[in-house]
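Following this message is one structure expressed as structure tokens.
Residue numbering begins at 1 within each chain, and the chains themselves are lettered A, B, C and D in the order written.
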């Protein structure tokens, strides 16, 4: 059994890790920390009644006595970067779900997030999108688990950029996310009454996932050309799910058939990417509580535009599901362990 | 592997059976029928993309060539009673999710539903609430899977009636159900716009689950006294979940402690019933997409009333989950197979 | 023009007062206070863009220079009782939307809320339910605007108690409220993700509206007998609306017809109470954003029970709508001014 | 009093007309037709209890005895075109809420909708977007009330195209609509359970509002250049509201200030268009149940893109509200009558 520690277990990504790992046949969660829930049995979280008997939330700093084989850090960004060096020392391998180790460029981190406290780890950290980086993840000590918007956007556009089919300066990404993406702290903006029945764009032109998406897409173009995107996130009054509608200008004429063929080839063997046939487009409802990313493609031949639409569950494929997928890869397990159930469509 | 046939696979309970059985280690679904989806691969139901490869929906009547060990009938009531005799003949064992074989009394069936076409099976059919009828279910040929409201109501009140603690004519059951309880046919009353943001009582004093609840509760009193209830169902603008708030008058003084103790004792060893400690009450969110029934108890000593509140997922513990639990019992499997994951609280 | 001051204008009841009064032909809001929004123009509240030009939120304490004819206090309970004496002095007449002046019995207030700081006003304050207390409201200096649950419960049951038809110790009130009832402060329990898709009972047996409902119902029985209720509030994942399902035991036999006739007679001429015909029951959707209270009645002759179901919008008839209705009465205006638009059913 | 007839009164736009006109001081609805509700009093529609006493729904064809000054046709497209000639004859002036008279080009209508049965009226019909066509609407016999998506899209982009600031072939319109946009017929795709918690794009590249948006935008460019758009509609799990996120490439450099200034100037005096200041973006919640269109602008100077975001209530500004605005204009009333209440933000 792989012994796992979860640092920061009471946020949505931490709780989702607990949910996914509860059914993992080769894992034992031996520690879970939370300042808020300190000393509370995990089984007192109402949905976990009857699960994780004997396991209590502990102080985040308190992992000295713990003998884990791997740690997940589900701490907020800027906090996580302070904890990760200690976690690496204590456990050897860390999957960090925060934004702290995703950007390779320290200056970019500083611009978007502020001063980095463990910059020496940025180079070593492996960007943990298994569909693109599987081989590096296998041996990584530190995996930077991708952000939710970047996961949806990069998977939607990767084949187009890899094959050089679209102009890298033409990309517009119009994304829509459920409310759990904002985290689990009380705030008027995410209260039920303020959100229900509404719909809005937010952080227009200034969302912190912009440089992460640009870095991810640029890495696919052979480095020749930096990808610059227009990115507009919106808030959907649902708990989970991200739909990404991405627009790009084609460099040359292609048919819908060959476009979909290209995607099918690019994602061949990828269990968690499901290409839809022509004329079908994804619904976040159809990937809910699953690790799947559904993708549909539309070609506007007249306007020479391709529309690539992807749907993920932001807490699973956009966070804790990919984190467990990375863990499976790192541990040499079957990659789909505990992740391959069907979505819960309703 | 147990070979399973699902008759009526495109309604919510049929699809939920497919979802639950997709992860069952000892089951193979070898046939699934649906008039609406006839000849469509199951993997074209969007959420099942990548699952059930090779399996197609077939005509309901078309089960002659099928060699299944057990069949689920997820047909609507009054239709199911016509199919079940044939299913018993073909497969030997049937779990019927409709209301057709739940009432023991043919006259009661006639009053509430209309003429019964296979009344000779009413006596043989076993009411499939495992927490009360496990031994009979083991050997049953025909299991009448309980209704969603009755499951929540009977589990909430069973210990009180079994121990003779409450007046059987004092029971008021105020239930609230998500919209999937109405089934999967298009109707203005269950359309998004008509339901969202609303809340109402419906079929006040005349819901067909009334006699089923009364039969279930009466069976616990030793037959001495028929239980007569006041039952008010309400519609919650959510997809899944039933909360049942039941009120009963105590015959004699008891303490909260001893009441909760009584419940704990009654449900000892029942994996799917989770008693909450004093002062905690269930939320349908905490049993969502799970087979659990959470129960909380409040004692109003002054008014000599007990309030018993239960929460279930109407499609799981209230339908397809209990059906699979029954199947596990009938097949001699571990009862919790494919059913013991944690709820998806958000 | 009646000059109105709103004290505490940034909570849901304060904002709803602003919404209702924006269209009032005989009112001018000359002051609105809010600690949180201090110095912000009302027109910067996004929905009020284009309204209330020139009006700014001011410090709550800052009403010395204000020459208003009447003040609404939309402050939280326990805060309001400190402000009201000053408001009375400054403006002469006050409608208090908090719970602070609703209970006549200071000891009851102490038990449920804590020490009262202006107890000498309890006797003078008029309980502001216009359908029961119109004459007293006309001349009141201080109106205690009813709570949301009490409004729905009292209107549903008043005719039964007034006519002595039901046993006063038999009443069970099972209420369901939208989330705005919890007020407009950030809290994890009312965040979108925690609430959406769930449904639960809360404060079972201990909700502070219990004594207010009992006082209101008792006042109808001629004082002979104190009414004691069982009251269970539930949280609906919608923003607005309360459905109250009340159960009571009949003292003698009556027909459904005569029951509904009794209600029609009791509420004759009441514009804001809409009795539904036999077999119809209210939906909170059908009173949304209106001052109406819809009531439907069911008689269970066999069990000698009557079920009275009412629906209100908790922020309108359950708070700010009734407050404006009271203001209209106090000012000698037509009672329905600015309140008689049709509900917004979807 | 203006005597008004509503043809097709039981769909969402017909019911919304009834809601808005219930409070109109200069209008009397003297007839309302509905095949489904024939002979039913309007006051039996639950939300209208207490309103429109004496008015019954009648057969659609049955308007011979009616003496109305103006008719609204809220019939579905292709049905409306058969009724409108008769309505014009009977009443003289018609506001048609269907798509039937919006496209000027009969061939385009044929391509997108099918054969037109009253094509001779296409030329005469005035496209009823008051902010662009007020003068023509004043004298129009037949007003083609704009579609919901086109209203949001055209208002968001009009100033840019009118001033020739953006490349007409660069426009991408990513729109999101609430479910009421799909109309009020029972359908599985719009049922609560199928929609709740989901989010998807639909009719990608083939939505019938595409040519209407292109026609509306092209009319602003001086006819020099036909505007060709990429248009992607999405379904939001809310009842009302459309958010339109439109992207366009600037022809030359402008500042954010001058862009917003341009919009303010363009919409000066328009009561129902509310420009937001820099850094603020609209939320459909803030225009709910109102006739307002909120617009926010973002300039991506580096990418030379402008993002224009608009929010409307699809049933009000996107349908029945604009229809009443048109009626006010045609009748010489104050344009805002019955339409100028504040939005209901929650």
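To be clear about the criterion, a contact is a pair of C-beta atoms (placed from the backbone, for glycine too) under 8 Å apart; a residue touches a chain by one contact, two chains touch by 3 or more.
None of the values given here were measured: they were computed from a predicted structure.
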#### Entry: Result of counting contacting C-beta pairs for A-D and A-C, higher pair
A-D
### Task
Measure off the straight-line distance from the CA centroid of chain A to the CA centroid of chain D, and report it in whole Å.
39
### Message
Can you compute the centre-to-centre distance for chain A and chain B, using the mean CA position of each chain? Integer Å is fine.
### Response
36
### Task
With chain centres taken as the means of their Cα atoms, state the distance from chain A to chain C in Å.
46
### Message
Could you pull out the residues of chain A that touch at least 2 other chains?
### Response
12, 178, 180, 193, 196-197, 237-240, 283, 285-286, 288, 346
### Query
Can the chain contact pattern be summarised as a line, a ring, a star, a complete graph, or none of these (other)?
complete
### Query
For the complex, which residues does chain B have touching chain D?
12, 178-180, 184-188, 190-193, 195-197, 237-239
#### Entry: Touching residues on chain D, where the partner in the complex is chain A
169, 172, 174, 176, 178, 193-194, 196-202, 204-205, 228, 230, 232, 234, 236-241, 243, 245, 247, 281-286, 288, 296, 298, 300, 302-303, 305, 307, 309, 311, 346
### Task
Please name which positions on chain D make contact with chain C in the complex.
12, 15, 18-19, 22-23, 46-51, 180, 197, 239-240, 271, 274, 276, 280, 283, 285-289, 292, 294, 315, 341-346
